[in-house]
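Presented sequentially are two complexes of chain A, the first with chain B as partner and the second with chain C.
Let's turn to the complex of A and B:
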């Protein structure tokens, strides 16, 4: 549905996107994930038509859209700060793209009614954006983006300006709406939790390049590079060597890994546990209460490992503990 | 010394100067408008509101008011439209942007009297290049063209200020609503009309108020270019009041007219403000 072929984009000396190749499948929820400045928003803007690639092609529905301005591309877009028109009511905002298409007023009313029902905003038609909460404004923006019946929905960090509770609620709404409409969706975020929860596939970007492309499970459990391992989820990268299927760090660790040679073992906090007969001995440095769990920081063999535990009966800082390692863990080769 | 007293102490010199140069003339003029003081008969005896009634019955004053209303509508309208066009042009990524800024901003730096003298030469019926190109038209001497010519000279100067204010307004607008309009299918012109202009409304209203106040007070250009003529074709109210006071020597009558003008201007500004808060 959406395809980028060898796309390059520079802003002066800054290489925003470098030789990017991506292909979104029809009806897929596809996320571009990465830190600030990694080129994810530029990529979205290239698809929207707000930026033109220096080299390469952008295709939507099999058609090269490089020369087309945004208004002639079959897209809908939701912006980080809602981008509602302050001089128009909720109804006016959602009706805007329909009125531009000169649809009969009766048809406009019917469509706006359907869309507002879809985003649970019936009854607020007459309100102005300033009279709505952030979550409600973003729902209006979503309804407006869908009004044009686009082939592709572009979402530029749509939840980042909202508080945590509303963010979680809208995340569910987004997933439901995408499922209902079956729209191919390109989502940009720096929030790994959002990406993991929403996406069919994730493209992790770094410095304008694609670092890894895969399902949320693949990206989380089999990170291709140390950057992805560090950026997605929390965990500690332990330098060492993979040999004969086991991880070695001075001696063989009882952790099965895939690959050979020097690299890093990724130890996720939820995969480590306390055990009297555990392989590593260490000392609790810090215990952080996080509500549903407590995160321990344990110093062992010169490493600072993180361990997630249920809040009850947690050892205090200074106590000595033994850690049991997972039988199998991701291994990231050096230079990856 | 308390913080409040200290603040007053700091503000006091400025307030005293303001009271002297603004407050006193205003109060003095108000007082005069309730007398029959003239330079020929300088009496401060109070005579009631008669001078206001006389002003409202004076056909020359009413003519000057009407002419000024037409002049303000013409100059403010043209200034805003041309200023907006220029601002939109400057907002594009044009080459030699700095050069364009300087050219557009230059008229604002020239004193109105200087502007008057420059245009007096350009439009001079015998020596002026424009008069020559238009076949010897006497722009300021012909009753058909005088007011329009005066207005165009005024607009030439005012448009640079309007363009720069509107350009600052355009620069400060958020990018996202405009981009959203494009994604929704709007052409650049539709997006400008339905998104940019409404977002720019506060700047436009402030500019409308400032320009109206400037144009109502137009005096210097009239003095340099036409002296109110030919006949009374460019006898704008500020110049009329000046003539009433310093050529007619009727200071109390001029004060009453000045206050009526002040009242009308305040009503106009209040109407603009109301319109802005309602929209």
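Let's turn to the complex of A and C:
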């Protein structure tokens, strides 16, 4: 549906995107995930047409769109800071793309009504953007982007300017809306939790290149590189070696791994348990109460491991504990 | 500290407000010999109103001011937009140049410059209405530019234009439906400043004007010698125009 073929883009000396190949499937929720400066926003802007690639092709719906300006590409876009037109009401903002297409006014009314119903803003038609909350403004922006009936919906960190509670609420709605409309969606975020919750597939980017492409489960459970392992989810990378299907650090650990040679074992906090007969012995350094769970930091064999526990009967800092390791865990080869 | 503040404020009243009020008071009175004037009258205003020279000059001033405003809108809005859009050093320098340069150049120098620059074909404008209008437009430009530029910056205009493009709007639609309506308050208040400056301008006008372009301030200066009373009435009228512009400005800013 959307395709990038060997796309390069530099800004002066900065290589924003380097030889990127991506292919979004029809109806897919596709996320570009990475830290700031990784090229994810540039990639989105290349698809939108706000930037032109130095090399390579951008295709939408099988058609090369390189020569087309944004206004002639079949896109809808939502920006981080809403970007609603302050001189227009909610109705006017959503109607804007429809009126540009010179639809008859009755049709415009009907379509705007439908769209506002979709984003739960019926009754606010006459308000101006400055009279709305951030969450409401972003809903208007979403309705405006959908009004154009685009082939692809582009979302540039649309939730990151919102409060935590509104963010989660709107996240759920975004997922629902995307499912209902079946619209191919390209989503940019630096928030790994958002990416995991929303996406069909995630492309983790780093320094203008693709680091890993996969489903949220794949990216979380089988990170291809130490960078992905560190960026997605929390966990501790334990340096060591994979030999004959087991992880070794000095001695063999009872953890099955895939791969061979030097690398890192990824120990996620939710996969470790306290157990009298556990393999590692350590001392609790810190216990942080997080409401639904308590996160312990345990020092064991020179490592600082994180363990998530239910909040009842948690050992206090200073106590000695034994940790049981998961029977198998992700292993990231060195240099990955 | 408080006493110092009040003293400073009193001094400010003395040298700022008193000279502004004096012609107004004078224009309404028959005699002013002691501390307070005597005999309220509208006679001087009536005299000015009946003299066709004043009406003619006032209409000319109005025409010049409106044309100076029009030129600033046509040139100043695109300049401000370009200066706002051009990031980096070129944009910065351009901005500083057009904002500050005309403010620092003494009007007399500017007047002389206009005389020299527009003195020969194809730009032989000396003594015409055109050169007066251009002079006033130049004097008002820094204020106009500053206001519109601030308006653009406050709007996040780049983002809005991108949102319009992503909605399918071409250049014309973006200008018409997004840029201009949102920029209108800033353009309006900039225009009012240009208008007020032009209505009261004397220095540049006195240098470049010909016999056919006697604006109200020029006529005022001439009539000071013959009829001080009428002159103070004219001066007061100019002050009223400025105050009206100021009121308009406040109204435009509030919106």
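Here, the second predicted complex is superposed on the first by the 336 of 336 C-alpha atoms of A that agree within 3 Å, B and C clash if a C-alpha of one lies under 4 Å from a C-alpha of the other, contacts with A are read in each partner's own complex, and residues count from 1 in each chain.
Keep in mind that, in the parts below, a residue touches a chain if its C-beta (ideal position, glycine included) is under 8 Å from a C-beta of that chain, and two chains touch if they have at least 3 such contacts.
Because the structure is predicted, anything quoted here is derived from the model rather than measured.
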Item checked: Three-chain arrangement built on chain A, chain B and chain C clash or fit -> clash
Margin query: Touch test for A:120: chain B only (first), chain C only (second), both, or neither?
Written below: neither
Item checked: Which of chain B and chain C A:176 touches, first, second, both or neither -> neither
Note to self: Is A:101 touching anything from chain B or chain C once the two structures are fitted on A? First, second, both or neither.
What the structure shows: both
Item checked: Common interface positions of chain A, toward chain B and toward chain C -> 48-50, 69-71, 75-77, 79, 81, 83-87, 96-97, 100-101, 141, 144-145, 147-148, 154
Next item on the list: Please give the residue numbers of chain A that touch chain C in the complex, ascending.
Entry: 48-50, 69-72, 75-77, 79, 81, 83-87, 96-97, 100-101, 141, 144-145, 147-148, 154
Notebook entry, point to check: Which of the residues in chain A come into contact with chain B in the complex?
Noted result: 48-50, 69-71, 73, 75-77, 79-87, 96-97, 100-101, 141, 144-145, 147-148, 154
Checklist line | Partner chain A, residues of chain C touching it in the complex | finding: 155-156, 159-160, 162-170, 173, 177-178, 181-182
Item checked: Contacting residues of chain B [partner chain A, same complex] -> 174, 176-177, 179-187, 190, 194-195, 198-199, 201, 279
